[in-house]
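Just below is one structure, and these are the notes that go with it.
Per-chain numbering from 1; labels A, B, C and D assigned in written order.
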Amino acid sequence: MSKEATGGLATAEKYYQDYGARVRELKRQGKKIIGYLCAYVPLEIITAAGFMPFRIKGNVNEPITKADTQMETIVCPLVRSCFDLSLKGDYDFLNGLVIPHACDSICRTYDIWKYTLGLPYSHIINMPHGTDDSSLKFFKELLNTFRKSLGKFAGEEISDDSLAQTVKAYNDNRAKVRELLELRRLEPPQISGTEITKALVAAMSIPVEESISLLNSIIGEVKQKTGVPTKKSARIMVVGAQVDDAAFIKLIEDTGAWIVVDDLCPGTREYWSDVDVTDDPIDGLAERYLRKIKCGRTYREQKGTYAEYLEDRFGHIGQFVKDFRVDGVILYIYKYCDPFGFEVPTLKSYLQSLETPALYLEDQYSMPTIARLRTRIQAFLEMLG
Amino acid sequence: MAEYFAGIDIGSTMTKVVIVNEAVVASVIVATGPEHRKLANRVMEEALAIAGLDFDKITYVVATGYGRINVPFADRQLTEISCHARGVSSLLPTVRTVIDIGGQDCKGIKLHNGQVVDFVMNDKCAAGTGRFLEVIAEGLGIRLEEMGELSLIAKNEVSISSTCTVFAEQEVVTKLAEGVPVANLVTGVHKAIAARIYGMVSRLKIEPDVAITGGGARNIGLVRALEPRLGYPTMIPDEPLLTGAIGAALLGKDAVRNASENNLPLARIRHPLQELTFFT
Amino acid sequence: MTEEKKPEERKKRRTATEAAAKVASISRAMISDALRAREEGKKTAYTFIYCCYDEIVRTMDIVPIWTENFAGICGAKRDAQRFLERAEAQNLSRSLCTYALCGLGFDAWREEIGQMPPDAPWGGQPKPDMMLSSGQIICDPRSKWYQAAQHYMPDVPVYNIGLPIIPYEADYDYQEVAGYYVRYIVEQLRGLVEFLEKHTGRKMDWDRLSEVVYLGDRTWNMVIEAYELRRAIPCPMGTGDAMNTMVPLTFMMGTQQAYDFFKDLYDELQRKIANKEGVVLDEKYRLLWGGGLPAWFALTDFNYFESKGAVFPAETTYRLVEPIYRLDLPKVSDPIEHLAWRWVKWSTYWYDKARKRPGASPEVERLINYIEEYNIDGVVMHEAFSCRSWHVGLIWQLNQLKKIYRDIPTLILESDIIDINSYNEVDTRARIDAFIDTLESVKR
Amino acid sequence: MCPGAIESSSNPTKAVIGVDIGSISSKAVILSDAGILSWAIVPSRGNLRTAADEVVSQALVKASLSVVDISHVVATGYGAANASLANQLANDISCQGIGVSYLFPSVRTVVDIGGQFSRAFRVDNEGRTVAFVLSEKCAAGSGRLLQVIARVLQVDVQELGELSLKSNNKVDFTTGCAVFNESEAVSRIAEGALKEDIAAGVHRALAAKIQSLVERLGFEPDCALVGGGAKNIGLVRSIEERLGINVLIPHEPQIVAALGAALIAEEKSGTKSTVSQEKTKGY
């Protein structure tokens, strides 16, 4: 393919700017495209069924207009933006839509998506909140229902072998992403948060094997880069829901900070844990998607003391702060986001206990609202000194 | 010979400049027009004229405020947060909580021995800002300056339920039509905005002493409405509008001293003070 | 809205039925029960409505503290703002569920000062011994609220019960999956029983549970038998009253008192129908409250509708039961299994009907059925900005209703469940006036 | 219209008044069997009661009539209660509908861009409202946004329309809050954006909201635009662009509700207007 020639970062930039370009090509070649929202859809199953999974993303530069005729404005602005773009034809290549039980904003709008877009296939993976054994068992049943239903749509059942293959492929892909993210441990980090976001967004829009080679070429390219000595800057971690647009990340880096790690989608939340290879592939998938991904949407039962409970919920963030030598954390929460919004006081005090300064920002996923955050971010950096 | 430092604070509604050496030697306050760059030069020149100085006598210029990026002749841009903090800690050293009520936004700043340890700034809407008062004043057909005094003569206050500035205006207009005395309405408005401001600022653990800066500090009615909620009396600088500009000038002074003491290179991106056109 | 100011009491809403008029005292008594529980040596639990565990909690003699109810009371008394502000001061966004914000603001305040906040509505909400949250596809705050409350009460244990609802899908029928949904819910409910036994030190009396569940079933029947009398013309009871009778329906299920309440309501409505007693003297328009929780601080808006000759014979809101005999539940001896089936069957009640009508969803199908059964002239909904659970999809439902059924007049009111800052009486009543005019011209 | 023409046709037998007391401005229309005798618009300036009296007396003077010549008065608009001499009140959406279809019988969809809200409604052939949608409770969807922005640009709100037509590089406005749109405009200007581009951007943002209103309502031709916003050519153009239609605009779009009120008054007082649609078209 032509993209190796142009270099990884350039290709990522291309796919980021013209999001879905690769999918349109594949569509022309007769590939069926299944759109999905959020990190909780097991892509392994969609790919094993012979479909191309495509992450529906928003666009902070596109004013939300059409969506308002069907969807209340009290919905998460990211979901509204995604739906708005779909109505405007940006994703007119979809053959189906799969959404997980992630949050109210996604699930309560499912009917609107389903009937308005009128796609041949749609399915909601009604995953439980809980992570206890009976919840896990239930989740496996749900995944089998999904597997069956998607197989029906594909015209043939999804075999264990093909699942085993895709499980491996996506694990390899995650490993590659981790390798890329690790490049930011260094001082100075070898790759900017903006570049990372664009790379990961591009990766969401191309087949997994292409994603692996894209990531490979990016890593190679970045490692060769004779790092221009940048002046020492604050090392920032961003925590939030889905940040699929580089605008906010860029805003932070333009104020002269480095984003060295995140707890975001796409980001560590989505790529830090793998699927175990199990006799019944569904076992490994269920375990990973329900228990290993740590997200506000999931209710993790309290075992032991409250302090241990906080460790279980937020320990990974504390670990990142330590490993990536984070100076300050920015909590970037969308308006109307119940799963993340309710965690702010607890998470803020958890970070306080680590003596890590935190800045809580609420945003509405639009360029003007993001631009208004600049002063707060600069002040935060001035505060970190 | 004395060194001079300038601070320029371009706010959404007002632009302020101060020149300091050991004390403030000149200060200018003008309304912010649409053309920030022109304005920045003009007010700087005014201030220099008052101080009887040439621009090259100014050792260091720090720009702050909403329009800080539009001050080409500044050596450095810093946020209002840092500048208000610095300004207050020099004017009112005992202060630990600063509430700045500006035209387009409102901030709460937490200080520990002069250093910013935490801050909040209103995001969602204009309901907690000076703009709110302006819009309401318009609706009531009175001058903004009158509001403070007016509210003090109120017999009983009316509660304004709408948070949205524009709808609050509508609400006020209706109540006015129902014959509610202006004074009572204004008091209600002050209560409403005080509630919004408190709601935000109380995210910081409020500690005494508390200072109020910015245009809002000039509104005695608003200050009176805020104090019972804060639970502390408030301190107000003599010229609350200048706090940010003074802080900016002082931060410039700090930077220069710090550089010379530890003989570090001093970042000075100084452009000549010249008339710039709107589009440059 | 200010702390030092006494809450401005709302104007009393005129109720049409004696039953509804009784509710204020009933609901006040519930709060005092909770406040007395500790000295009476009873265990208390924070609880949500519509969580399938009412009968279990009652059988275990646990005093439920309905946190949504308390928030609603704060709203109705127009005294929620100070608690919402407290929540905001905790870095909780004002765009989140305001029930939860009000409750969390109250909890944070109570725990901070070690006693009830000043002038707490109806004596306030005591610290519970445990919190029973729930993971459902319809409402995130149900699993986040109590978890967030632990930040202020880390010593209070939470049990989060998984209560999935089968999605209405085109690619498979709900019957195919009902089996494993029920199995899961049963395991979750058993887990709850274990949790309650552990924290009360008491054992579950299974025979008693069966009796309480049976009482609950009979109450389910009685509720709908009473509500369906509202089909009468003139209509003897409107949605305004139903926003009171929701108290025994949602907070007292599994108690004799709830059953008796609806028995009395049934008799009262029979009497009214016999004497042709309507909510309004001259009934002009029959409206369906088609979605959305009410603005608790503005229930008098229902009286405003009535002043225009408009009455609400039916609502979808809080009509959380169906007669058991319509659910064709499998015969099971285990009360827990019965509860699980009741949950699954109720939540899929409209699915089969919806399938038969192209373009319908269960929600839309339900609207169409009520429109016909209660011969409705127009549909009114309320969009509460802070609650995604019940207030997203309303616009679409109305669009779809007009598309697949008929172009019936509709109105969406906008404010919130308890945040009065979102409410504008002038605007609301202007909308109602215009809607009434529309009904008039359409009727002609 | 040309009041001269009316005056010449001798002093009318019985006249009626319709008044529309809005939060921003108040309007009055005097109607007789000879058609529209006069109208007046005054800013409400906070005191609706004075505005109501003021606008009526102005209209009376223009029609050279006195109160005694008036048989019936209908008041509408959200300050309607303040019209002291009103015999009856009417809902302003209904008045808008009646007023519009009196002027344009072919109209089925009416878009009203008022000072505080925008709304769209469908009327039947007799001007009766059969469906309506109101803008979200956010001033970003109302004419208020235009006033707010006009202030920032330091131009008269009337000039905003013409100004925006000069733009060939619209600025994007995506935020809801009108006041934040204002601060957005301020910073855009600070960044050197052209006034016309900002004006055009605001019109586009508002037009987008109007479009979603109309789509929620369900569009039916013809479409008329009324309310203060209809006077803004820039806004009208971008709405036409978005809806892909031409809209009808009354010569004096602000007085339509008052006219509707007057027509109701006429019906009540029994002096049904004999004036032909053609004649009123000229107005």
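Assume a residue touches a chain if its C-beta (ideal position, glycine included) is under 8 Å from a C-beta of that chain, and two chains touch if they have at least 3 such contacts.
Note that this is a predicted model, so its numbers are computed, not measured.
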>> Touching both subunit C and subunit D, which chains are there?
In response: A, B
> Looking at C-alpha means, what's the farthest chain from subunit D?
Replying inline: A
> Which chains, taken as a pair, are joined by the highest number of C-beta contacts?
Replying inline: A-C
> Roughly how far is subunit B from subunit D, going centre to centre by Cα mean, in whole Å?
Replying inline: 39
> Where the CA atoms of subunit A average out and where those of subunit C average out, how many Å apart are those spots?
Replying inline: 35
> Measuring from the mean C-alpha position of subunit B to the mean C-alpha position of subunit C, what distance in angstrom results?
Replying inline: 47
>> If I count partner chains per residue in subunit B, which residues reach a count of at least 2?
In response: 66, 124, 167, 170, 174
> What parts of subunit D, by residue number, touch at least two of the other chains?
Replying inline: 78, 136-137, 180, 183, 187, 216
>> Could you pull out the residues of subunit C that touch at least 2 other chains?
In response: 90-91, 95, 395, 399, 422, 424, 426-427
>> Chain contact topology under the given definition, line, ring, star, complete or other?
In response: complete
> For subunit D, which residues are in contact with subunit A within the complex?
Replying inline: 136, 172-176, 180, 183-184, 187, 205, 208-209, 211-212, 215-216
> Quick one: in the complex, what on subunit D touches subunit B?
Replying inline: 23, 44-49, 78-79, 82, 116, 137-139, 142, 144, 152-154, 177-180, 182-183, 186-187, 189-192, 195
> Which subunit B residues qualify as touching subunit C in the complex?
Replying inline: 124, 159, 161-163, 167, 170-171, 174, 191-192, 194-195, 198-200, 202-203, 228-229
> For the complex, which residues does subunit C have touching subunit A?
Replying inline: 90-93, 95-97, 100, 133, 135, 137-141, 143-145, 147-148, 150-151, 154-155, 157-158, 160, 162, 164-167, 169-172, 176-177, 180-181, 183-184, 187-188, 191, 359, 361, 363, 383, 385-389, 391-396, 399-400
> Taking the complex as given, what residues does subunit B use to touch subunit D?
Replying inline: 12, 33-36, 66-67, 69-70, 104, 124-126, 129, 131-132, 135, 139-141, 164-167, 170, 173-174, 176-177, 179, 278-279
